[in-house]
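Each of the next two complexes has subunit A plus one other chain: subunit B in the first, subunit C in the second.
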Partner chain A sequence: MASSSASARARRQDHIATGVLTAIVAVICVALVAIVVYIVGSGAGKLFDVSFLTGKPQQFKAGGGIGPELFNSFYLLVLTLLLSLPLSLGAAIYLAEYAHEGPVTTAAKTIIETLSSLPSIVVGLFGMLFFVLQLGWGFSIMSGALALTMFNLPILTRVIQQALEAVPRDQRDAGLALGLTRWETTIHILIPSAMPAIVTGVILSAGRVFGEAAALIYTAGQSAPMLDFTNFDLSSASCPWNVWRPAETLAVHIWKINSEGVVPDLAAVSSGTAAVLMVCILAFNIIARIVGRRLERRLTAE
Partner chain B sequence: MAKGEEKALRPKRAIERRGLAITGACVLLVAVLVLTLIFMVASRGLATFTTDGTPFASFMTGTTWNPHQNDANGIPLVGALPMIAGSFSVTLLSCLIALPFALGSAIFVVEVNPTFGTRVFQPLTELLVGIPSVVFGLVGLRIIVPWTRSWAGGTGYGILSGSIVLAFMILPTVTSLSIDAIRAVPQSYRDGSYGLGCTRWQTIAHVVLPSASSGILTAVILGMTRAFGEALAVQMVVGNAAQIPTSLTTPAATLTSVITTSMGNEAMGTVYNDVLWSLALVLLIMSLVFILIIHIIGRKGAPRG
Partner chain C sequence: MTPINQGPVSTRPATGEGDAADLRSVILETRDVTVTYGTHEALHPTSLAFAAGEVTSLIGPSGCGKSTYLRSINLMNREIEGCKVGGQVIYRGQDVNAPGVDLFELRKHIGMVFQQPNPFHKSIYENVAFAPRRHGITKKSDLDQLVEESLRAAAIWDEVKDKLSESGFALSGGQQQRLCIARTLAMHPDIVLMDEPCSALDPISTFAVEETIRSMASRGICTIIVTHNMEQAARVSDRCAFFLLGEMVETGVTAEMFANPSDQRLDDYLTGRFG
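Let's turn to the complex of A and B:
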């Protein structure tokens, strides 16, 4: 009798627990969707406004645009990927394929882990100390891209390393048994079969680089000179491709106008910028999934 | 014969050596960058004590932050305790807020409905990771700060607003690592518990969670690392008043918020600038400490897991 009431109580507790867990998940999902809808919704009016997307930012007047910021964000992203992709690919191949258990490998892993948990503001401050001041590059796209590279390296290295390690052992053994070197096995067998995961990881990391601001405020700077796309003089501040000019990105723009608070249409401009940023991040997420799935299908169909 | 084989192998060996050299150089470059970073930030951060002669104790325990002025003894007023207290408060409080949600959803995803977890929940949390921190700050500024103001009065800026924003930001980190930890518990443990007639909740509470505890602890510490170092989102909602926090809803400051707001205004080499670098050094040391803690937990938890 007593035991049956105990088991009834246990069953009731089980039901309650399941209910609470379901409620928690529901709350998170609703909150997340609400945040995304709120961000995109409150800036929706600016999202298709061409004069906002291409216009000149204003510091004291209403009606400023985000043209240079939009370009700078993408330009910095491309440069960062160009710098960080080869480096993290190399590091990941070393860690996944060459590294033996031992003090050197442990030290390398610890250092990459350290870099991944350093606050991005600290990375930005180092960028200011080293690239901006020590090397004398000033607030520039180059300094910013290098700071972002340091921010992105540990993320990418980890993604690529995991992708390589997820390739079945048989493939590695088969390559080595055929007389290929480790290097040839990696280049011709492992990387192609890890490609879907690598590409997905790279695009997702691109989303994080795109929205990063703390590493940039003291490296790429907080000013956005108007760009002239007919100017190909690489030493001119208005040449879009000049990597030695200061470049404020979308994320930095949001932070700056909100902390200064002098733009009259602050709310509209920051909502619009946040919506543009959010749409880009959503696009990165969706593209990552589609490309990953398509590569996967092509790989398995062969 | 043996000699011919040796010759044929030579180009292969060269390829292998080149591969090792290229990839090893990448790792080496990253290592040099990280060590340079630690060295440069540390040497700038120590200037407060070596060049400017500020006693270490008055930096760590002083409660007045006004580096432009000196106290009666001629020592600059660089008490960093308000910011250190602020950083720890937002970190702990945001973890307290995020943990039940992260743990609850991790349990749900692994134990209750794995299909929903991989199809819907995990892609959603990945999206949450991707939302830029300034956008979180902006949402905090628009929604959380007015909400806090509506019931607590004052400005609405403060530790509580900062912690709520941070809780959202660390939620995906803590959740996905908790999911990994719970998933790593061997199925045989669950089967054993069910075989004894336990309900699902009893199995979760008495078998799964205790076995996953070291992994969950790692998840929480990594969340704290992220919360401690987050700069812009916190700076936008915390109020930026460098005073010892007396209430959760009055303006406060964190290490990161003071660095971001002041670094651009103070010239290199001044006392004010030096002490900002000391704050950055504290930030750096704390993230190294967090990593150390994770390693210790990992070593302790490994034999059991």
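Let's turn to the complex of A and C:
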């Protein structure tokens, strides 16, 4: 019968499609796992080496550490999030809840989308021209944090905007129909509902910021003065909290020692740093998933 | 200015029927209300009057403008871009579209229950207490009392009293809808608009909601309910309005209208010849 042979063919196609798709996913997973295992594996010796994790980087001798770089990476991340989170939250709320459909809103959304795919080296060069040279801030944490903010802002705005837009319309209607203002509805009803997606997005973007090198090479600079955690003189280059000092991060460190490093243990330092970076980013991703799922569960049941 | 919910209630003979004994205290009236989406007039001039303690059902085939009409009463149409409302909606003697009327104050008195149950992502307690707290009731004991009273009024107290801190989403669909009704009743509204509140519910939950509607009416709340279920309209509503293609075709006492419809189109609709 024609119909049964057609359905047999459909079933066969379905089988083939399932097989092909499974194979593609398997290849991708294997490749990714291989990269992670290789990077973490080749730097494994350094991962638990306290003198490497906290030590001073060396210019010419072997045995250098990445203490300042590790701190700088986290410090820049925190500053960047402090700058970009409120701004992108505001922009996303405006775009998702307040802006009327129209040419201006469409243009704004398009611009944000375009900016979120801007190559980070372009952001870095802009940061150098504007913050470092024009404003005369030099290679500094401030220049780097602002460059990273520019890099992060459009991505974060989109993530939050999409999270808000994914909240069903009827939640908005319910709030408004109870005589709540748009602001009350957004802050007390929509944001909590969107929280799992927002938190996941923020942590994932934090991973990208943490591993960013190109935007920082010419803004936060490529030198890491040794930090003295007892120094609270905000104008001193060894004060960790001084935002006007240059600050090389882990990712920039990898780039630098590989392109111009002369230390004898270059390969070991480089792969050790890469392993630390990788573990941090993996941790961000895992935390993002756990926190996102926790929040989700807290919101939908019990 | 007098608070909007303390305006006059006019007592006068019902429009339509000449029965002198049928005096109704009209709390809400629409005069030639029209609604336009862009250039499409989805609702042609509609005039209806609603009384306190009365349940009115809005019936008619899909797309005839029932929800559109309902949303023009609590001004939810303002939230839809490109939507324009004409004519007058008079709540306690005041045109709600007049400048100076506080939209948020108005919506406290005219509540709304939606087709899909839409509890907040909050605990059962917070679902009810949240809006009253935003509107200024902050004392814990007052809120506790309000929550219990509202949940009782929506006939769901016994089912949830031991799990008030659990999420509203952990309830069944029918319970969620009754929670949404409780949330609306917690505002002590004069008028409750319900847009097909039982369309996602099983017969038992539907029965519970209908009981709630009747008890709301006995406490003087004016309820306007959109329904596709003619038996439901017959069971719960005192009065009925039939819409067709954006036009309000016929209105009157439900029992009389269903027994002998004066408009042929209503007759056709009731006998299932279209719609």
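The rule is simple: the second predicted complex is superposed on the first by the 277 of 302 C-alpha atoms of A that agree within 3 Å, B and C clash if a C-alpha of one lies under 4 Å from a C-alpha of the other, contacts with A are read in each partner's own complex, and residues count from 1 in each chain.
Criterion: a contact is a pair of C-beta atoms (placed from the backbone, for glycine too) under 8 Å apart; a residue touches a chain by one contact, two chains touch by 3 or more.
Owing to the predicted nature of the structure, the values given are computational and were not obtained by experimental measurement.
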Inset, instruction - Would you check which partner chain A:40 touches, where first means subunit B only, second means subunit C only, and both and neither mean what they say? - result: neither
Inset, instruction - Go through the superposed model and pick first if A:176 touches only subunit B, second if only subunit C, both, or neither. - result: second
Inset, instruction - May I ask you to decide whether A:101 touches subunit B, subunit C, both, or neither, giving the answer as first, second, both or neither? - result: second
Inset, instruction - Once the structures are superposed on A, label A:192 by its partner contacts, choosing first (subunit B), second (subunit C), both or neither. - result: second
Legend entry - subunit B versus subunit C as contact partner of A:184, first or second or both or neither: both
Inset, instruction - Identify the partner contact of A:291: answer first if only subunit B is touched, second if only subunit C is, both if each is, neither if none is. - result: neither
Inset, instruction - In the overlay, work out which of subunit B or subunit C sits against more residues of subunit A. - result: B
Inset, instruction - Check the residue A:243 against both partner chains and state whether it touches subunit B (first), subunit C (second), both, or neither. - result: neither
Legend entry - Partner chain(s) touched by A:168 [first = subunit B, second = subunit C, both, neither]: second
Legend entry - Doubly contacted residues of subunit A, that is, touched by subunit B and again by subunit C: 179, 181, 184
Legend entry - Footprint of subunit A on subunit C - complex, ascending: 74, 76, 79, 81, 103-108, 111-112, 114, 116, 118-122, 130-131, 134-135, 166-167, 169-170, 180, 183-184, 187
Inset, instruction - Using the touch rule from the top, collect the residues of subunit A that touch subunit C in their complex. - result: 100-101, 168, 170-181, 184, 188-189, 192-193, 298-302
Inset, instruction - Write out the stretch or stretches of subunit A touching subunit B in their complex. - result: 7, 10-11, 13-14, 17-18, 20-22, 24-25, 27-29, 31-33, 35-36, 38-39, 42, 86-91, 93-95, 97-98, 107-108, 110-115, 117-123, 125-126, 128-130, 133, 150, 153, 157, 179, 181-184, 186, 204, 207-208, 210-214, 217-218, 222, 251-252, 254-255, 258-259, 270-271, 274, 277-278, 281-282, 284-285, 289
Legend entry - subunit A-facing residues of subunit B, complex: 12-13, 15-16, 18-20, 22-27, 29-31, 33-37, 40-41, 44, 100-101, 104-105, 107-109, 112, 116, 120-121, 123-135, 137-139, 141-143, 168, 171, 197-202, 204-205, 222, 225-226, 228-232, 235-236, 256, 259-261, 263-264, 268, 277, 280, 283-284, 287-288, 290-291, 295
